[in-house]
Amino acid sequence: MNDWHETEIRVRYAETDQMGIVHNSNYLVWFEVGRSEFCRARGFSYKEMEEKENALMVVAESYCRYKSPAYYEDVLTVRTKVEALRSRSLRFVYEIYRSSDETILAEGETLHLVTDKNKKVRSLPTNYKRKLLSDEVAEENAFPANQAPS
Amino acid sequence: MNDWHETEIRVRYAETDQMGIVHNSNYLVWFEVGRSEFCRARGFSYKEMEEKENALMVVAESYCRYKSPAYYEDVLTVRTKVEALRSRSLRFVYEIYRSSDETILAEGETLHLVTDKNKKVRSLPTNYKRKLLSDEVAEENAFPANQAPS
Amino acid sequence: MNDWHETEIRVRYAETDQMGIVHNSNYLVWFEVGRSEFCRARGFSYKEMEEKENALMVVAESYCRYKSPAYYEDVLTVRTKVEALRSRSLRFVYEIYRSSDETILAEGETLHLVTDKNKKVRSLPTNYKRKLLSDEVAEENAFPANQAPS
Amino acid sequence: MNDWHETEIRVRYAETDQMGIVHNSNYLVWFEVGRSEFCRARGFSYKEMEEKENALMVVAESYCRYKSPAYYEDVLTVRTKVEALRSRSLRFVYEIYRSSDETILAEGETLHLVTDKNKKVRSLPTNYKRKLLSDEVAEENAFPANQAPS
């Protein structure tokens, strides 16, 4: 559907547990950082959509496969893309790598329902939908071949 | 001003860090559990005050002294009381013990400002104030000496 | 395989996010509380297995389906059971209910690999395995095959 | 004693609470990010000191004054410096600003004891101490008293 967006984070001490590795719940927080940055990179303000359009992307499902542990101070690359975009729901997929050696640490996905502030399902505002799909939108908006500037 | 309220919690695995002990930030979460339970024990619903009275108790200061580490699965006693109650602010103090051996693990305090949802300072609603002070209120309401039942 | 174990928790203020509901990552922490309590209820000390037997149950996969939001101060019932127990891995499943009205809020599962402290896969210590299986063990032990009632 | 080190972080959705602002406990996590980056900027690896030198910097006290709320997606500047460095303890101080408008959001400090992995107090390894003090060390080393330019 569209390309991966990449963002980097550094593992915080508070994210480790007594096993000496990152606690499993933090990957869901990192997935969220990934989709925040994905949206921002496409000129899509999740904050604004929530405040001004009364549209929330509530998490309906989360899945994570932990393949190799992350350690304190590791720099990680969170790769994010939209896998399925319907009128009232969308699915993000993620991969997390250790940046230094490109070891894959985790992969996962989250399914979101679009709701208003009263948790009633609604449609994703059109202008936001276009931005999430910006690769295709870009194509649509490009000069049609016969109108290209010469 | 009034008596300590006590509540118990059990240390969660997620609350530990790679030092093998509880991460320092969790004590602020436990202090919050302490004051939630303190309020509930006095018939004071913090949730309701926030929703129906438009009064929030925003944290303005926090202090914690960590005296001995807490470990996974420890059962802890959080002791909470109100130390100072003014019209627009209040101070809670806390002590955290390991229940099994009564070792004191931490002590601290938080200062709160009362605000509305727009973060503007306001007064604590009177009925909530009475409940926080319930010991004294109880005294005030008690039969005046000269009207006591004989 | 065996019965559900139930434990109660109360939603903490710190677990909510600006949507006014509990943040999705906390369900993984609650699943962990569920399996800690499941183990304890069967006389299985996870803490001791980690420290004395050098056996860790590393999370390899997590899945959660969020069906209805949880709110600050809600009392929740976390139901936990072991779904599959192999020599080097096991799967826990969970259901989370609001205790007051029995609304189901979430269901999920976690897959664990048994490793030593160096993250090398190993077998679950036998005495711990027996405890996790205590229902069936009880059944198996009840009538050795050659003495079964006919 | 020495200059402030600055590092930037962006507020995560998971760090907000139902008041619509960042939960107070996260500032302690950000202080920790500040001192991690402070150490790294001076060629001091906290991770390595913990693993190879058996020296931990356990938090003995934390204090935070919350002056103005932080919001989801805010970019914050965490300013960190060492305020007092003794043989077995040290104090970090912090300031947190919103980068866009330079509003100060919080200031605080943490006191640390240096211990070994068994939580016994010990001295800070000399080479790490020098790095934390690098400004002064630089000055001291610049001109030995008897060779100072006149």
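Labels for the chains are A, B, C and D, by order of writing; each one numbers its residues from 1.
Following the convention adopted for this analysis, a contact is a pair of C-beta atoms (placed from the backbone, for glycine too) under 8 Å apart; a residue touches a chain by one contact, two chains touch by 3 or more.
The structure presented is a predicted model; accordingly, all values stated were derived computationally and were not measured.
Listed here as common contacts of chain A and chain D: B, C. Greatest centre-to-centre distance from chain B is found for A, with centres as Cα means.
Between the interfaces B-D and A-B, more contacting C-beta pairs are found at B-D.
At the interface between chain B and chain C, over half of the residue numbers appear on both sides, which makes the contact a same-residue one.
Between chain A and chain B the centroid-to-centroid distance comes to 37 Å (mean Cα coordinates, whole Å).
Chain B and chain C have Cα centroids lying 31 Å from one another. Chain centres here are Cα means. That of chain B falls 29 Å from that of chain D. Within chain B, contacts with two or more other chains are made by residues 13-14, 19, 25, 28-29, 32, 72.
Of all residues in chain C, only 12-14, 29, 32-33, 36, 40, 45-47, 71-73 touch chain B in the complex they form. Considering their complex, residues 13-14, 16-21, 23, 25, 72 of chain D touch chain C. Across the interface of their complex, chain C is touched by residues 19, 24-26, 28-29, 32, 50, 56, 58-66, 69, 110, 119 of chain A.
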